[in-house]
Structure formats: C-alpha cells, structure tokens
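Labels A, B, C and D are assigned to the chains in the order they are written; within every chain, residues are numbered from 1.
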C-alpha cells in the first residue's frame, strides 16, 4: 500500500491503520515538505516508524493500492497518475466525489467522473472490486448515515428543510499551520464557519440524498470545537408521517452493519474517538405541531470520517473482509 | 447589596460585579456549605476578599436589594423572606419566571406570580422601579434577544418550527461537584443533553415569544461544550417573507441598546466572554425553497446570561444608569 | 479475574485491559455506589459491557486473581479477604507498598507487611509467582524507573538533593466529584499541590532508592495539569562523576525491557497516552559547575502508572508472558 | 503612543492596555502582514477598533513613546529608528537586554548597549525618566522577582544550583502559525523544550542575579502547557542558612510593591491571568539535610511578563503614576 500526503492528520491516521492491518504492508508514504524525516505512528498498541519520501519518488506501480490524502484540487492529478500506473486508488479529497465539491474544473484525462462513492453502508456494491473510489467527506458521512434510512423509507417530509448543526474537532481543519487553528485561538472558543450552505460537503450530501429518493432542502451549519477529533451532527427531520419509536428506522436499516451502532441515549464524541463507527441516537421531541425526528450522529472525523473509511473501502476493493484492520 | 448563594458560579460573578460597581456596596454574601471562609473575586482589575456567612445570618432588611442566586425550587422561599423584609430582590432562579420553569408547585405567600421578566432589551418598562424581578435563563437570553425583532416584525412564518441548537460552557451547569462535570469527563468531548424539548428554559421562551406576537414551534437542543463560559445559539428561522439584508431587523430594533452588538461576521464565544453583551450575526442561506434566516447569538452565560443581567436589572429597579458597573 | 473498585479511573482501565487480554476473563467488577449499572469499556478496538455489582456480592474465591483498586486506607481490609479466600491479589492502593504511604495503622491479620513491590523493571524476581503484590504509585513509577539505573551505577552524588518537578493529568486525582476537579476549575489553570515533600508516594520512592544503594535527598513537587491523563517528571540529578552520553546509563539498564523506551529527544505525554511504557529522555545541561543530569520521564498514569502495570504484575504472578494483553 | 508589531500576542495586549490607559492615546499600531485590517481589543470592559498600518508608515516622531513588540533580532534596527526620531522606546525583544539574549551581533548605531532593564521591582531608578528601556522576558520576570530578595539577603547558598522548572501557556510562543502550536498538537499534551540551559532568557537572569550579589548556577527548564496564558515557575533554592518563615524574605522586600502579591497558599495561573502582578508562595520542605526553600511564582506572560510591564515602564519613563492603566 502507498499513502500520498502522509503529513496531514488523515494521512498520519492512514499510515497507522495500514501499519496495523493484518493484510496490508506500507510500501511508501509521501510528504513533500517533510521528506527525509520519520513519522511515528501507533498501531495495535505498538509504535511504527514510517520514513517519509517526496511525492515524485513514490513507486506508484509497485503497490496494490494507493490512498491519496492530498489537498482538494491537487488530488485529481495524482489520482490520474496512479490510475495510469495500473494501481487501485482511494481518493480522500473531494475531487472525485458526486458534485466534485463544487469544483468546475474538468477532471484530468483518465479519471472517471463517476467513481463509486465509498460510503459502504449506503452504496456497498459499486465499491466491491472497484479500481477507483471517492472517499466521502467527514461531515457527509456523519449526516448521510443518519438520513439515509429515513430517505429510503420515505420518512422525510417532501419539500421540507432538514436542519443540520454539526460541530467538528480541530483536526478536521487539517495540519497546515494557520493562525485561527493555534491553541491560544481555539481553546475556550466556539464558533460557526462555512455557514449559509457554503460548505463543500453539501454537494455530495445533496447528490446522495437525491439518489436515495429524498426531496428536501438541507441547511447545514458547521462549527469549530475546541477538541482534537470527533464530529457530532444534530439533525432535525420533518417527517412525512408519525412514528412511534425513534430508533426503529435505523434498527431495520443497520442491523447487519458492523460499523453503525445505535444508542437509546445520546451519542457523544467520547464514544467514537479512535473507532471506525457511526453512533446514532434519536428522539421524538414534544410540543411540536408536525411530526419531527431529532437525530444525533457521532463519528471520529479521522477514522470513520476519513482514514478508517478509506481502509474499509480498500478492503472491499480488494475482496478482503470489510472489517479487517479496523477498530470497531 | 446582598448576595444569597455566593458559592455558585453566578453568585461569585455577582460578588465581583457588586464589588466593582460604582454605586453598590456588598453588605453580605451567603454560602451555607462554605460559611466562615473567604471568597476572592476580581473587579475592575483589583482583587476583593468577600467573607461568606450562613444564609440564616444575612440581614435581609439592612440592604437596598438582594440578589438570590439559589437553586431552582429552593429560591422562591427565600425571595418570600426578602420581600417580607421590605427589600428589593432580583431572583436568578427559574422559580418566578414566566411558566415557572415548568414547576407545578405554588409560590410561597407574598411572592408575585407575575414578577417582571428582567430582559430589559425586550421588556424594560416593567423592570424600572420594580421591587421583585425574575432574571432570565442564560439560554433564554441568548435566544429571545435573537428572535424578538423577528417576532415583533411579523417575520417568523406562522406555524413554522424555529430550530435552535445551542452550546454552553460548563459553568452553566453550576459548581456542584458531579462526575459528569469533571475535567477528565468534559475535555475532548461534546454531547447534547436535555433534548426533545425537555429543558426548563423553554417555558419562559415560549411565553415571551407569544407575548411578542409569534406563533411558532420551538425545537431547542442544548449541548455541553468543553469550555468554561459562553453560549452560542445557532437559530434557523423560517421567514414569512423574503428580506434583503440579514441584519436589518436587528439594526432597527437594537440601535440604541448598549448591550446588544451586531456583527457582519459570525459571533464567537471569544467575543463575549466577561462582557455583558449579546452579540448577533445573521446569514441568508442559499439553496433554500423558502425564505429562511440563520441567526447566531453569543453571550457569556455568567454575565449577560446571569449576574451581569441581574445587575442591569438592579440598576433599573433603583433608578440608576442602566450600564453602571457593567463591562460592555 | 475480578476487579474491586471498578468505578474509578484505574478500575475502569483495569476492566478494559482484562476484557482485551488474551488469557484473562473478567468474572466480576464491583462498584458499590453504581451497583446494578453497566460500565462500557473499549478493549482491542471493541466495546465491552461490564455489569457492576456490590463489593459484598463478589465471589472472591471463584477467580484466579483479584485487582483491588480501592481507596488508600480502605484497601488492606479487602486484600485480607481476598487472601483469606485463597486468591491472588494485586493491590493498587498505597496500603501494602514500602512505607505504607506513610500510614501508621497496622495491616489487618493475614496481610504481609513486605509484599513484593510490583515494579518489574527494578524488582522482577519477587513478583514472579507471588500471591500478593503491591502495585506502585503513578508518580513513583515515573520517577523510580528514571533514577534506578543512576542509583545502581553509583551515579547519584552521595548526600545530594535530587529535585523532581512532576505534572499529572486530572485522572490521577480520581473520579470522586470534587469542586477543584471540575472542568471550569482545571481548564486554563496550572498549580502545584502536595508540596514540601508531603506526598504519599515519597515513602515508596525513598525505600526503593535506599534498596538500590542511593544516598540522596528527594525534593518532590507534583503539579496538576489541565489534561486527562499522563505524567511528566522533570528530574535533576547531581552526578558523582561526569558522563559523556546522557542516555548511556539507561541504555545499559533497559536494553531488554519491553516497557521502557528511550528517546534522544524529549518525551511528551502524547507519546505515552494509552500505552504501558515509561519513555525516558536525558540531557547534560551546560553552564553548570558540578556534573548534573536532567532526566525526563513520561508515563500514562492510568496504564504504566496503575492498571497496565497491575496487569504486567498479574502476568508475572501467573507465569504468563509479561507483555500479554498490554499496549506497548 | 505607538505600537510596532501589533499582530503578535504581546502587541495586541499592548494595544488594549494603551487604549484603556487614562493618560495614553494610541496614535498608531503596525502589523506588516495585516496592514489595512482592523484589530479589535478590549480595554476597561469596552471594545476598541485599532486600524493596523505598515511599519514604514508609522510616524515615529509624532508620539511620546513607542512600544516595540517585534521579533528578537529584528527589533534593534527599529529601536534605532525610534531613537533617531527623538522618541522614547520600550523594547519588548531580547535585543537590548543584559546579555542580548545570547546574540553576538553588534547593536545598530545609536542603540545603547546598556539600556536600563525594566524590571521596576528590582531596578526602578534607572527606568525613571529613561529614553530607552529593555523590557524583561516573561520567564525572567517570574524568576527574578522570586530570587532577588533571597539574593540580596545573601540567602542563596554560594556555589549552589538553583533549579527552576517553569511552565508557560501557548501564547508565550507567539502568534506565528507553527504546526507544533496547533490546538490538535498542544491539547492533552505537556512537554519540556529549550532544555539544558539553552533558553534565551538565561542571559538576562544570570546578569541580573550577579548584579544582585548571587553566586549560583541556574538550571532552567521551560515546559509548554495546554493553556492560553500564564507562567508558573517552581524554584528550588539551596539556602546559605536556615530560615523560620518561608515568606519572610519576600514580605520585607515587597511590602510596598503594588504589583507583587504574596500568598500563604500556592499561586496558580488562575490567580494572575489578565493582571499585572507576580504572585509568590514559598514552602520549607521537610526531610532535607540542607536548608532549602521552594518558591512558586505565577505571572500572566502577556501582562506582567510583557505588555503590562512595558506600560509600567512607560509610566516610569514619563513620570506618571507607576500603576496608571494597569490591572492589579
């Protein structure tokens, strides 16, 4: 396996998961600005030293699969190179996802415009054996896993607004040093950002929901939390009809899913950190004129929201046990 | 001035504000479990030592006004004693607020069931010169100041659901030691609580909005933040008609208010900590079928959400400059 | 295996380690105040539900070994019961340690006054096959592993003062709710406590160093950090003679130890959290008249400083691989 | 007044203090990379908007005094320009301090090599009326105020090692974005840095202590804390003779100092944040062969450790009340 972009938080997590995977071996990890140095990662309770090389030095043809954890916009070009080398690729950027993260740039030659969207709990079959997979965004993962069973069951009131307030740990903003991500700026603070439906993940959420049969508006407001990792999405769904038991739609949909867990309580970040799961809770609020469901969805943005899901997709692409090497 | 319940976070903040107030003097501060010890507070850049006495030792008749910062349910009884002593009182509990925080217990004899609700920006006149005032809840303050201009202008779509996702710092949960408030439990976590419209502040919010002419459902979901102080409310309002400029309704309503500030950006906790202000921002989201306004409202839960607002009310009750002794 | 006192932070960690251990099974976990409820722990990437029972309900005779994670002073009595039941026991309190944590109470009948001190890297042989082991304190572990090689090599200047400034995460103070451990009290703060050589761990440190041949004064100052877990000890050692290479004494001593790691850099809490290791760094400071060594020692206070070391001791007591079930 | 370098944490704090000062007016604030934008600071409970200009645009001759809060090495050149313009200057860099922070570069023409060292509690007279003052380092301030009374009284054992373990909040590292200062890197971590007597502040500490008559080695080890602001120094002093009362030397020395406070408890960061004070505590440890004093010193690194002390110096240079505009 190879990892392109190993100095970011997703890239580091990928190196750790690959190093601890029973069937994978890490052939190379690139990080242009840190080439020559060593990355130290923990996997299965042990430490591993990963030498970092420059991107141009990577032997793309010599591995079974490459994980591309490069910045949005810069990734597609490298995906094209991996494809040209005859190697499978999981792309963690938004470049190949449905809606392309809002980009209007054409994809490079050889890169499919309709790569399977690697959210196995919703769209598993196209991922099996695929050669190129677009790994979903972290917010999109937390939200789509919560909304899909309602969409498929026709429970989202047609034409209604689904309101989503999400909050993410700082690692979701990446490891590039920026003033607003310094400890002294983030600690003791909380604020929204990317508001008014301007976030890149809306494209893949809208496309996926349409595919699942929902006809609704999304209003998505992300916030920045003073924590390292984790996303909690608090989602309000106007229902097309009353339901008796808030978790029933999810129970039916996810009974066989190893990476979705339901709670009759309220999911918290502490429940999911360092695990490849989506943890869901749901409540029927009182005092409402119209039937409404509140859904809470928690993930680790770096695991089920990025690197863990990428390994889950790689397992499916290579015909392995989907859960191999993943902390449940 | 006297403070009942000075060992809680609101009580401590009250002692600091009274100590630094140009026209107030702190005559007593009670804290039954810590009687005999000394509370150290900072006011106007100086430290003050406040001796703590038992509640029964307080000379309720010997002061102009008493701030009651006692637990919900236990406060009304002491308010009755203060009233019987002929002294003015600002009650920071939910006992006297509209809807009484959902309590079905009768108020003690002598305590008015319709004490003025001390949110001066919305209901100033009844507070002026009043002898008993109910100080609003912290969440209610952040939300009502955001919604009132829209309600008064008829901008909230009749029958619609106003969705509110709020997040509060830990000091909002009080200073009583509980396992779930320990550092090791709260740090690196984020979770909702009091969900499904079960929070005590809904009663005063619904009553106030009805009084302001709004006919809407509220769906209120509070969350616990790993920060010390501050509340951010993210509020989605279905509008009865389109508007061009998101801040316009607030500009008209609050142009003369010293404790409301508007931002064309997004308010953050860091903007309001240790200040007696509500900071508001608003955005018109794209991609929506129906006109919708996103409002963000930030306060310091211990200042504008509790002790600062109590001093603001005391200033009005005593005919002083409303801003005296308050950090803007 | 049984765990007495599973509601504290060490007890929870023990349940997780036992649940994930290849050769252990968790027969019971007690927590008097939470009896009847369920503890949720993560082990080997999976979640486990542990039912909590009352202490009196535990079948002490029906298990191979009991971990006692009870408060200092209350533990010895239960250790006596476990011994009377014919079962092995690792005691995590200070009751059985050298110096007994300064307690002058006599131990209950049947409890040995000289139980092996379970710091395997220094005193492994007495632990092998033992029926009763005293698990070291967290600070003592971080400090003794750092000082032992210097003591054994005669490198600590006779009669000198070894200065130790340690800082610990909040979980070291236990899970009993106290005001000073609330998030709003600990966040953004840092302070010393237990100063002037008044900390309970000094007894076991002095006894162990004397046993290793050192003749020095210890000056130990612990501090409380706004982090969940981890201890960093910064230790200044006046040397009896100059040395050329700061890590040399440790390299010789620990080359074969699976749970001690050396770094040419500076150990940090982030390097050791959730791992059963002591991570050591050392520096020869410039500008000093006398030869002096600065040693840095980092551990996870709940793993190598408590539960992990207890499992390491249990492995040795039962003749198993010392590293079984432990994250390195 | 003018501020050079207003985008750093010290520069921001300076703007706030100048804006809230009863006798100062802020004429300009420079920040090359943010020129044209507005800095928002809080002073005396009010918000102030400060326009940021480029450094070359500053009218150095048009103000009474300039605060230079520029990076070490880059500052001296601007100090020379301010002096050439005939304006007083307080330099917050290490360039003009005793020992010049270890720099071997010659100072620019016109810059005095022996500018008064602006630690008024120790060296007040040379600062009064001075035209150029070197503002001390933050660590140096916390340590020298703790050691000076002992040095002057001949209490530091001749030839002994004074051991100093300090811990600083992240704002001490400045506002330049660096990976190791990101929230996700700092939170939940703790580590030493600049160890082995390699820190720049040692030069001014050694020079000042020699001037005060002490003959000792310093061993100084700074650590990085996951908090925004504050420094706690834990200092071990071998005494030349026994003393009875640990605070006595400090009481005599600082009885008239408005910005030094003594506590019979232990100073904590929470006691000093946002205040221009040094808070000292002291303890005589037990179990020591030689008389030894433990001293604890807490400051806000941005106030008494930088901007507050700079204003204190400016007050003295201009013949104003030393405490004007400073939070005690």
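Odds and ends about this structure:
Definition applied: contacts are C-beta pairs under 8 Å (C-beta built on N, C-alpha and C of every residue); 3 or more make two chains touch, one makes a residue touch a chain.
Everything quoted here is computed from the prediction, not taken from an experiment.
Common neighbours of chain C and chain D under the contact rule above are A, B. By number of C-beta pairs in contact, B-C leads over the other of A-C and B-C.
Taking each chain's centre as the average of its CA atoms, chain A and chain C sit 38 Å apart. In whole angstrom, the spacing between the mean C-alpha positions of chain B and chain C is 46. Contact of a single residue of chain B with at least two other chains is seen at positions 185, 187-188, 226-228.
On the chain C side of its complex with chain A, the touching residues are 42, 45-47, 187-188, 261, 275, 326-328.
Across the interface of their complex, chain A is touched by residues 9, 169-171, 175, 177-179, 181-188, 226-229 of chain D. Taken together, the chain B residues at the contact with chain A in this complex read 159, 161, 163, 165, 167, 185, 187-193, 195-198, 202, 217-219, 221, 223, 225-228, 230, 232, 234, 236, 238, 266-270, 273, 283-290, 292, 294, 296.
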